[in-house]
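One structure is given here, and the rest of the page talks about it.
Chain nomenclature is as follows: A, B, C and D, assigned in order of appearance, with residue numbering initiated at 1 for each chain independently.
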Amino acid sequence: MSQQEIPNWVSIVIVPIVNIILAAIVSGFVFLYLDINPIDAVSTMAYGAFGSSYGWGYTLYYTTSFIFTGLAVAVAFHGSMFNIGGEGQAYIGALGVGLVCLFLGGKVPFLLLLPMSIIAGGLFGALWAFIPAWLAANRGSHVVITTIMFNFIAASLMAFLLVEVLKPAGSMSVETAVFDQAAWIPKVFEVAGSFGIKMQRSPLNLSIIWALICSVFVYIFIWKTKWGYEIRAMGQNASAAEYAGISLNKTIIMTMLISGMLAGFFALNVVQGEAHQIKLSLVNGMGFTGIAVALMGRNHPVGILFASLLFGFLYQGGGELQFEYGVDPRIIVVLQGLVILFSGALEHMAKHPVERAYLMLTGKFNKTEQEGA
Amino acid sequence: MEYFQTVILILDATLRVATPLIFAALAGLFSERSGVVDIGLEGKILASAFAGAAAAYVFNSPWMGLIVGVLVSVSLAMLHGFATVTHRGDQVVSGMAINILAMGLTASLGNFWFHQGGNTPNLVNALENIDARFTTIVFPFAEQLKDVPIIGGIYSELLSGHFLLVYLALAAVPLSWFVLFKTRFGLRLRAVGENPTAVDTAGISVVGMRYMALAICGALAGLAGVYLSVAVTAQFLPNMSAGKGYMALAALIFGKWRPRGALLACLMFGILQAIADRSQGAMIGSVEIPVQLIEALPYILTVVLLGGFIGTAIAPKAIGRPYVKERE
Amino acid sequence: MTAQTQVAAKPAIELCGIDKRFGAVHANKNIDLKVAKGTIHGIVGENGAGKSTLMSIIYGFYEADSGEILIDNKVTKIADSKTAIASGIGMVHQHFMLIQNFTALENVILGAESGVMLNVSLDKARKELTRLASEYGLDVPLDVPVEQLSVGMQQRIEILKALYRGAKVLILDEPTGVLTPQEAEHLFKVLEALKKQGSTVIIITHKLQEIMAITDNVSIMRRGEMVGHVKTAETNREQLAEMMVGRKVLLNVNKTAAKPTDTLLKVNHLSWQDDAGVQRLEDVAFSVRAGEIVGIAGVSGNGQSELLELLSGIKDIQQGSVEVAGTQLDQDSQMTPEQLRAIGVAHIPEDRHKMGLVNSFAADEAFILGYHRADQYNGKLLMDQAAIRKDCAEKMQKWDVRPQDPKLKAANFSGGNQQKLVIAREMEQKPDVLLVGQPTRGVDIGAIESIHNRIIEMRDAGKAVLLVSVELEEIMSLADRILVMFDGKIVGEVPASKANEQILGLMMANIVPDEVKALQQEAEA
Amino acid sequence: EEETASASDSFKPAVIYDTAGKFDKSFNEAVFRGGVEQFKLDKGVEVAEFEPQNEEQREQGLRTLAQRGQSPIVAVGFNMQSAVQKVAEEFPETQFAIIDSVVDLPNVQSMLFAEHEGSFLVGALAAMASETNKVGFVGGMDIPLISKFACGYEQGAKYVSADAEVFQNMTGSTPAAFGDPARGSELAKSQIAKGADVVFAAAGGTGLGVYQAAKDEGVYAIGVDSNQNYIQPGSMLTSMVKKVGFASYTTWAEALEGDWQPGIKVFDLASGGVDYAIDEYNESLITAEMSSTVESIKADIIAGNITVHDYTATMSCDY
């Protein structure tokens, strides 16, 4: 079964859909076991996520976060590095965004502040990726391990900073002061409102535009520039890259810096766009989910957009389940796990039957192939 | 004497803290030596901790907890095998999926069964006549020797009075070494992690070897989970594995994929944790060390050691790559 | 297949209608083959013809899509290597199947252990191997990790593995590609001995003179098909070559005498240690002038790879210096591969898969590897993809790379075409100094012919060419002067006109024949 | 289809828990048992519940509840502060109540507890029960609120026995510190090894490890928030109850009656908002003498004869 006979859209579109259907079927059984009618559950989730501008707002808000963390993972993947540190990098990125907003919010016009917070978020995220990158480049340390460690370290560091440094005196909860309103990224419902379009309030904010810009940027960077070329060359064949005069050290570090930068942008959405303050554990597993997003999206920005939307749906629709049925909301984590299992780990399982079915339907199926499979 | 006592107590705690890490690191050792990356240790620990506690409660027996916990962990390992060995899926992704699944399923099922927000009921409960927790093993004469200087500390305090699983973890280290390096099974397992094609041409089933390695991995990871819930806390709590699977992986790499090395790394993490637990409010000069720094110390140290001292550990050569005979 | 009658003796193995596809590649098409018991049977065929696939099917590594295998006239279903081993088949693969960090002993017992405990198996194997070693002259160090052994030793271990398992039919896939002539000779003696004991040997090789020297029968494959069976005594090299390729092939290179001019590459006292502290190069010195080809012969692993990587800037110079195209390089003034390319040093790497190509890249992307920063391929910010594709398409046409599709994945070209792509890339940049490593490794006879001609053309255009090859024939027919390397040192130099296999073979084993010593003294005087 | 946010004729109270969930055996569970269940039992009114799983869902849950016309909405825990601040502004018609934090808005009731007073009592009990004159405190997350417990506990212990030693440990600096029983058990063991024979845990789920360790080592533990005496009968000396359930109940009841008021409400010893727990599981552990002493201390605090220093007032435990 070669590429020549099976058109691309089968493996890019049909197979992922089949995978998701499989995950949905297994989820259905889990729901049944937990005394929830799966059909009701799905329609509740779908309505909750897409049934109103409120639902859409939340879904797209989560989608924005996943685009950033998913792109971060994908860029590193192209350089064949597994950056599990999105969690920590996003957290530290929040520090950068937060500091800019805290100290300059209200003092600097928004249009000047925004580029600064973008730079700060990206820079801080990149910085947090730098040490693992440097160690990988110069000492051959395992990025998976170092980035996991850096997630833990980021959590401790942020806890320290929040508790000891950034928390306003007398405040009980571990979070910074709320930023000056002038530093907030406008919400989409507000912007829409000013154009006379009525939308329900939701945390969806204009950082989604930056997420889309970043997607385009990643596409162009990876496939259209010489730096992207070098990253891919290194990722696919490091010794060929060395032969070509590509400095592996520099490329490893560049890749990880960009990856960390993208993760750092996460904070624009969550911190500057919605929470308007730095809080403890604000990333909350979304960095990890980015791995699933990147894998499902096959490390391509377009795929990542769709995968982010899917996970946005799971997050938002899942939250709605709890309102309607009082279901333990952690069931959503099960759904996520199943989606990753079927469309990531078991992606090849459906591939062959689907390709065979395609061949059969198009009449290209013959006996030899059947035996050869 | 005071000083000696402190050291003994820290070492005593070290053993307790290191036990799940040792089990998990050995679990990872079997899996990775056969060429399968297992980032899903975390999920297996969590799932077996849950299943162990639930079964122990339901059957009112720690041993049933142990059996069920291990079985559940082995099933997850088989799922990993099904995805990565049979269907050649990405090993890291499969591990992540297992971690996330375990996180969600333990909480949802726990809540559904016991209505305590994902917790299992306490395994020691005089009211319900439940006593399903492992008891500690006190060595003979430990009481009598308690006050003998030095020996009392070492024998009665440090060596005696742990859960059976603690001793089992320590015994599992030489046992794993023996299995891996002195038996036919171990030879084949190591070979399959280095060069599966060669193993295949030697007439040995690569798939079979990897499944067996994963089964052992599952069983050991299961013991780690059961230790946490059925022995230490006598209850399951959501997310109680708290990163131990990842630390065990780090220990494995530290230990250069060898049982003794992994043991030492686990003990090092254990001792750091034990010291951290005891050094709150510790001062450097007149400045109090932030707790967060002490907490982060094991992780910082891991990074420093990985980057600075141990150099590049040589992983099994075929690790992470699914065995593919025919390119498509 | 009409020529089956030639096999007179009882067949040890018989194949009927073996068919095998890998996706779109039809690797074996309805193959019939009979191998007579107690003979040495050669199989030849160009690269990718399906020889290894066929042998792997006999050995149970692959399963045929259809067809039957008969062993001792009994239909045997060989589903896996285990069955094959049990049926008395042993195979030495083209790429050795050894666990690199295991000892010879461990490698031999793997899968043939005699019990649960290792030490029992190890003791038994030690005795048995000692016996086999004396019987066939197959001495190997038993307790050293095989990664520390030479390829020749590793191959012996592979043969011992098969014998230890009681193989009656031994398959060898390109066994001599990595051996010195002396080692090859030793191997052939072992094979003769096996034959005398009644064993059957199937041997795949690209070297037609070896076929002529040791086989009893030859089968020829082309493009997945079995195109003929002949008795060795009734054929010759030219006829075999023609059957393999399907047309007449010139086996010898035509070239005029060299007219060397200025020195373009000069290597002075170059020494180099790897990370493990092993001395890979020691005091290497030579020079290459414009208009000549200097060949470096030697068994692979004697420092040639390191030399090429140092000269092309992949590795850093540690000791000594290099003058290249007028620039002096040493420890303190290094150049990256990119900078070296800019001053006119091109490098055709020894291993196209490991270095020369990124297999998952499209042909045009692979075609600019190393030149991807060049102005001609880049716009202001983005790469100029149209220019890249156009250039690649032109060069593919010029070099006859098939299929001529710049967007086809590099992995999907056959070996010969991949190599042409790499060579086109490097030669088309008009370098002054050309470093060439194993230009025809694993490339079939047709392609070899054209690659050789291109290298000669480069020389005649006044370039300095340094050619590293383990193929003595190739070195002798292309090079004007030949240096022989052994253990990181240059053993000696021989003018091509005076070289022959005998002399070079000795030098590759670090023995300098008197006539070479005399030549060198003459040159110094 | 947009629902109006006005308090409608039908009374629709709600609660949003902290991320620890409503079955944490301590804080949130107290709201569930003493508030939600009790309210339904007494008034026959169903209280809508939401358990956020992450930071976003705090605000989202609150907003969804408000949007559906639920009121009053009780937000459990100081972590809800900024969410309440925001959503209460968006829905000025809806009544909100927050536990353990102050939100200064005209539609928010802030319910604070005098944890230091309750902790003082259990500290006194601990010191009286101790034979070694050494007692321990294991806190959850290292935040002022938990230090408030610790500081009150220390004062109570020293009040009874001036030279008592009080060991203190915090489990961690993130919310995870409220759910790490293994660590809790280790911390307790280290304190017990240093001689502590009564350990007070103000650490949510982490406390369960502390109680287990105390039981294993044969010393006393003190529970927190809910009455946790039943968890390890016989080795739980008492519990410092913080009646968050009662507080939530009051808020809903007031709203039902129509006399709900915004502003700060303090639940202290005097109002019965905090206390120590005596029940069938620990009555045998508290001697008559201990009981009379602690009762007189309680009376003194209520009367103002003893002032217990509140850590959060000065952010230090200098009293």
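Convention: a residue touches a chain if its C-beta (ideal position, glycine included) is under 8 Å from a C-beta of that chain, and two chains touch if they have at least 3 such contacts.
Source: prediction; values computed, not measured.
Engineer: Along the shortest chain of touching chains, how many steps lie between subunit A and subunit D?
Structural biologist: The fewest touching-chain steps linking subunit A to subunit D number 1.
Engineer: Hey, how far is the Cα centre of subunit B from the one of subunit C, in Å?
Structural biologist: So the centroids are 47 Å from each other.
Engineer: With chain centres defined as C-alpha means, what is the inter-centre distance between subunit A and subunit B in Å?
Structural biologist: Those two chain centres are 30 Å apart.
Engineer: So, what's the distance in Å between the C-alpha centres of subunit D and subunit C?
Structural biologist: 76
Engineer: What residues in subunit C touch two or more of the other chains?
Structural biologist: 23
Engineer: By residue number and range, which residues of subunit A touch two or more other chains?
Structural biologist: Residues 1-2, 156, 159-160, 163, 328, 330, 332 of subunit A each touch two or more of the other chains.
Engineer: Touching at least two other chains at once: which residues of subunit B meet that condition?
Structural biologist: Those would be 111, 118, 238, 292, 295, 328.
Engineer: Throw together a list of every chain pair that touches.
Structural biologist: Here the touching chain pairs work out to A-B, A-C, A-D, B-C, B-D.
Engineer: Enumerate the contact residues on subunit A facing subunit D in the complex.
Structural biologist: 52, 54, 58, 61-62, 155-156, 159-160, 163, 169-175, 178, 200-201, 203, 270, 274-275, 277, 279-282, 284-285, 319, 322-323, 326, 328-330, 332
Engineer: Where on subunit B does subunit D make contact in their complex?
Structural biologist: 9, 13, 16-17, 111, 115-119, 122, 124, 126-127, 136, 228, 232-235, 237-240, 242, 273-274, 277-278, 280-281, 291-292, 295
Engineer: Sort out for me which residues of subunit B touch subunit A in the complex.
Structural biologist: Spelled out, the residues of subunit B in touch with subunit A are 39, 79, 82-84, 87-90, 92-94, 96-105, 107-108, 111-112, 118, 238, 243, 246, 249-250, 253, 290, 292-293, 295-296, 299-300, 302-303, 306-308, 311-313, 328.
Engineer: Given the complex with subunit C, which residues does subunit B contribute to the contact?
Structural biologist: That would be residues 181-188, 190-191, 194-195, 197-205, 317, 325-328 of subunit B.
Engineer: Touching residues of subunit C toward subunit B in the complex: what are they?
Structural biologist: The contact residues of subunit C facing subunit B are 22-23, 59, 61-62, 80-82, 84-86, 91, 93, 97-102, 106, 109-113, 115-119, 121, 161.
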